[in-house]
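We just call them A, B and C in the order they show up, numbering each chain from 1.
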Amino acid sequence: MKGWRPSPPLLLLLPAVIVLAAVVVLPLLLSLYSSFTPFRLTKPETLWVFIGARNYVNILTNRDFWIAFARTVVLLTVALNLEMLIGLGLALLVEKASRGQRVLRTIMMFPMMFSPILVGFQFKFMFNDNIGLVNNALQALGLTDRAIPWLIDGNLAFIAILTAEIWSSTSVFAILILAGLLAMPREPVEAARVDGCTPWQTFRYVTWPFIMPFAFIAMTIRSLDVARAYDIVKIMTDGGPAGRTELVWTLVARTAYSDARMGLANAMAYFSILLSILFTVYFYRKLAAARTQIAAEW
Amino acid sequence: MDQNSLHRVRNKALGIAHGVGLFLAMLVICLPGIWIVLSSLRPTVEIMAKPPVWIPQHLSLDAYVAMFSGVGKGGIPVLDYFRNSLIISVTSTVIAIAIGMAGGYAFARYRFRAKSAMFLGLMLTRTVPGIALSLPLFFVFARLGIIDTHFGLILVYVALNVPFTIWLIDGFFRQVPKDLAEAAQIDGCTRWQAFWQVEFPLAGPGIASAGIFAFLTSWNEFALASQLTRSINSKTLPVGLLDYTAEFTIDWRGMCALAVVMIIPALTLTFIVQKHLVGGLTSGAVKG
Amino acid sequence: MTKLFCGLTAGVALLALGPSATFAADLPGKFDGVTIDAKLIGGQQYEGLYARIGEWEKLTGAKVNVISKKNHFELDKEIKSDIASGSINWCVGSNHSSFAPQYPDIYTDLNALLPKEEIGAFVPSTIKASTLDGKLVMLPRAQFDVSALYYQKSLYQDEAKKAAYEAKHGKELVPPDTWDEVAQQAEFFASPPDFYGTQFAGKEEAINGRFYEMLIAEGGEYLDKDGKPAFNSEAGVQALDWFVNLYKAKAVPAGTTNYLWDDLGQGFASGTVAINLDWPGWAGFFNDPKSSKVAGNVGVKVAPKGSAGIRTGWSGHHGFSVTENCASKEPAASLVWFLTNEDSQKLEAASGPLPTRTAVWDWDIQQAAGDPYKTEVLEAFQEQAKHAFAVPQTAEWIEISNAVYPELQAAILGDKTSKQALDDAAAKATQILEDAGKL
């Protein structure tokens, strides 16, 4: 035997695998272990007590956790879909513009420059019921004479958080869908017009299928990155009041550091990771399907 | 009125509607940002006023002056933060792109076992939320003694950015026809030379778009940075924002001023590379 | 232990006298070549003091290496992470009386390192709040926090309002001295959505702290002498009802259950709130025309009494601690002393925060002579400091807070009755204490 030579792709992938193993997989194994212990930050010796699946049983039977979990799923679903719709609208508007593309695209990406904690503070002050910009504007315009408790009422708070989240993340969709629109061949659209299709029909049957993969790629990227919303929610409501806006992430963070119950928090975190994985895999599949379709048509 | 002029009127109306729509959309996007910029320039009494003061009455650069005027006079070590942010973001972006290029090339040009599982697996490492990662990472980093160093944070951000970088660059290499590189190889180039002379230049936009995404992620990341940094040795700008909060008070104006300092470089960079950005994303999506 | 005293020049004879062997005159001492690693609370308000570290270095010949500077909540996270990963390898750390009970074991007893008369120069109640199980774990800096009542003066000078109030309640309209009066006046002044009677912090430790002080003022106790949660008592229900009724009457902003200190301060400064129980840190902000609409119109008085005749006075203070792991405790204690000595406290107090040394209080009030607002503020807070009390010294305080506050919010928002909410909260708190092996 001549000795084994690693194949080129393996070599090329090696750096990525090493970095990810060191920074993600190894710590994750550590936290997986700790999720089977009653580990408390302030009592390091508890790391060596093994309690089996107690933490998991605790979580599975905890009603508050499941409510938070369900709310997170709803928030993600609504946010991602709305972001896609708005991103699509935005991309269409920008694409049609004949002048100032460069500036428009930069503005379109403007919210991506904002650190999520800043977005949190910003929207918290804007939605303040007493002196916030939103209520001030509504009252000045005579639309309401009440102070709307944006961050208090469960539904309104949900909307407020949704607004902040959508504002900060729609850019990702807009930019990707815009990329799709710009890459689209002109001929099919022209052909459709010649055939007498209405603009809506042209959009629905020609443009949309083409940009669908772009929308799904954005969905996939976003579902990978959703926990980013944690910083926003943490500052806007931190899950309150009375747990009305509690999400898995706020619950995990509070349990982990404030309560110092790391073991339990890590067990919860695994549920939230599972959630992101489900969302990601779902959209990734959709993406693959959409790609196949495009490949067949073009 | 004949058909033609009716058509023209309708077109014009549509054009105006589009203009108005575009303007409104841009306004909504910009408003919170403009509000932050204004907040950094106005005295707090105007920002949090009721009834609201819509038109700024007093504008001043006081918050910016204070920010640079040293400890004890309302200053924060903003230059240190800026330097750290810049070093960490740029270095991690460059490394992530290098690693991403290697990985992307492997996915685009080679066939190997469990390829798509591997691909998805790499992507999924990104689903782990920062909050779940922060403590175990702290444990490992504390053992290695790389808490509060540039190196530690760069390592983390490279890992954070590699999956997406691979994805984008993979798509881009797929789009560059294989024949080109093969032709170059027939002409006597090694595979290495063929890559740098033929494929790499064509992949420019893809790399630019991956780069800007990676840069923005590192530039704005907070959850992990707040856990892994401690002092001016490595604290980044987003972590520095919290310098404006005390136990019971917050200096919102100063915070906004720092935010503006943070946003300007990111905005400038985006403006410069945005052309490539859009082009770069295109191929990443369609060719999978 | 003996290693501790090696550096002392006082001689063998003094060793026999036991721990407090250092003389005040020896401070700050000489420690050439020693390096002290320190973790300090960061942020504008706290960092002015650190300019004095250079002076200490010059006087003692030692070096200070600041390895971390963060806001307090982040620092708390970091210290917990350090404990968890066994990396407490630094000497001096910022501490806070509300957080300190969570990690009683990592800090050393300063009684053994500093002379008695120096410790005696601090306000006794803060020293008591800094002492855990007889161990003085931190030395308070001039960042003492207790809340007093801020109000808009003009409201109490308005003849029409005075007449209307007297007609309605048969009492003269003067700044309130009991919490019942606050509630009454708050409802009287409120005219939502433009103007509110009062407001309160509505989440996290903040609402729990406010509830806690109200509970004490109503004659209740949070944990009984066996350490069992006892806040679901009659006094507890009364205390919580105060918040609930104001919320129901719309005398407070509807968003108040989501307010933290920043929202409250901005709210009062916007001129839309009549009466506001708040911290000393805002005093300057409220009276500065650049930041506040009510500048020139702010009155300050000691916090009102509850039905038990006790004034509310939930308090906390920042300080510095020396770790048990520290190899050079003597210089570390000297640094802690230096950062909390009279000159340091004067430096901090000059820009607003409240001192914790008796002598500096007097100095502070003298300095304010000729400034009626500042004098009013200081006098109110000095009086208030006498009624100050710290949170229960249990390591689980923060965790209990986190379990209790959603229940308090539920009651305020009307999801539960006060009794129900408190019973649920007490059950959760009991569970936490049981899990921690305290019950």
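Going forward, contacts are C-beta pairs under 8 Å (C-beta built on N, C-alpha and C of every residue); 3 or more make two chains touch, one makes a residue touch a chain.
Computed from a prediction, not measured in an experiment: that's the story for all the values here.
Enquirer: Specify the chain pair with the maximum number of C-beta contact pairs.
Expert: Ranked by contacting C-beta pairs, first place goes to A-B.
Enquirer: What is the chain whose Cα centroid lies farthest from the Cα centroid of subunit B?
Expert: Of all the other chains, the one whose centre lies farthest from subunit B is C.
Enquirer: Give, as an integer number of Å, the spacing between the C-alpha centres of subunit C and subunit A.
Expert: From the centre of subunit A to the centre of subunit C is 38 Å.
Enquirer: Between subunit A and subunit B, what distance separates the C-alpha centroids? Give it in angstrom.
Expert: Centre-to-centre distance between subunit A and subunit B: 15 Å.
Enquirer: Please tell me the distance, in whole Å, between the geometric centres of subunit B and subunit C computed from their C-alpha atoms.
Expert: 39
Enquirer: Send over the residues of subunit C in touch with two or more other chains.
Expert: Within subunit C, the residues that touch at least two other chains are 77, 81, 84-85, 266-267, 270, 272.
Enquirer: Residues of subunit A that contact two or more other chains, please.
Expert: Expected reply: 41, 125, 130-131, 262.
Enquirer: Note the residues in subunit B that touch 2 or more other chains, in rising order.
Expert: Residue numbers touching two or more other chains: 48-50, 135, 139, 242, 252.
Enquirer: Going by the contact rule at the top, pick out the subunit C residues touching subunit B in the complex.
Expert: 39, 42-48, 50-51, 66-72, 74, 77-78, 81-82, 84-85, 87, 96, 145, 194, 261-262, 265-267, 269-272, 278-279, 281-282, 285, 289-293, 295, 318
Enquirer: Per the contact definition, I'd like the list of subunit A residues that touch subunit C in the complex.
Expert: Touching subunit C from subunit A are residues 39, 41-42, 44, 47, 124-125, 128-131, 135, 139, 145-152, 157, 237-238, 240-243, 254, 257-262.
Enquirer: Over in the complex, which subunit B residues touch subunit A? Could you list them?
Expert: 18, 21-22, 25-26, 28-30, 32-33, 35-36, 48-52, 54, 98-100, 102-103, 105-107, 109-110, 112, 118, 120, 122-133, 135-137, 139-140, 155-156, 158-160, 162-164, 166, 216, 220, 222-223, 237-238, 241-242, 252, 255, 259, 262-263, 266-267, 270-271, 274-275, 277-288
Enquirer: Given the complex with subunit A, which residues does subunit C contribute to the contact?
Expert: Within the complex, subunit C contacts subunit A at residues 76-77, 80-81, 83-86, 102-103, 192-193, 196, 202-204, 253-255, 257-258, 263, 266-267, 270, 272-273, 395, 398-399, 402, 405-407, 409-410, 412-413, 415.
Enquirer: Which positions of subunit A touch subunit B when the two form their complex?
Expert: It is residues 7-10, 12-13, 15-17, 19-20, 22-28, 30-31, 34, 41, 89-90, 93-94, 96-97, 102, 104-119, 121-123, 125-126, 130-131, 133, 136-137, 140, 167, 175-176, 178-180, 182-183, 213-214, 217, 220-221, 223-225, 227, 230-231, 249, 252-253, 256, 262, 266, 269-270, 272-273, 276-277, 280-281, 284, 287-288, 291, 294 of subunit A that touch subunit B.
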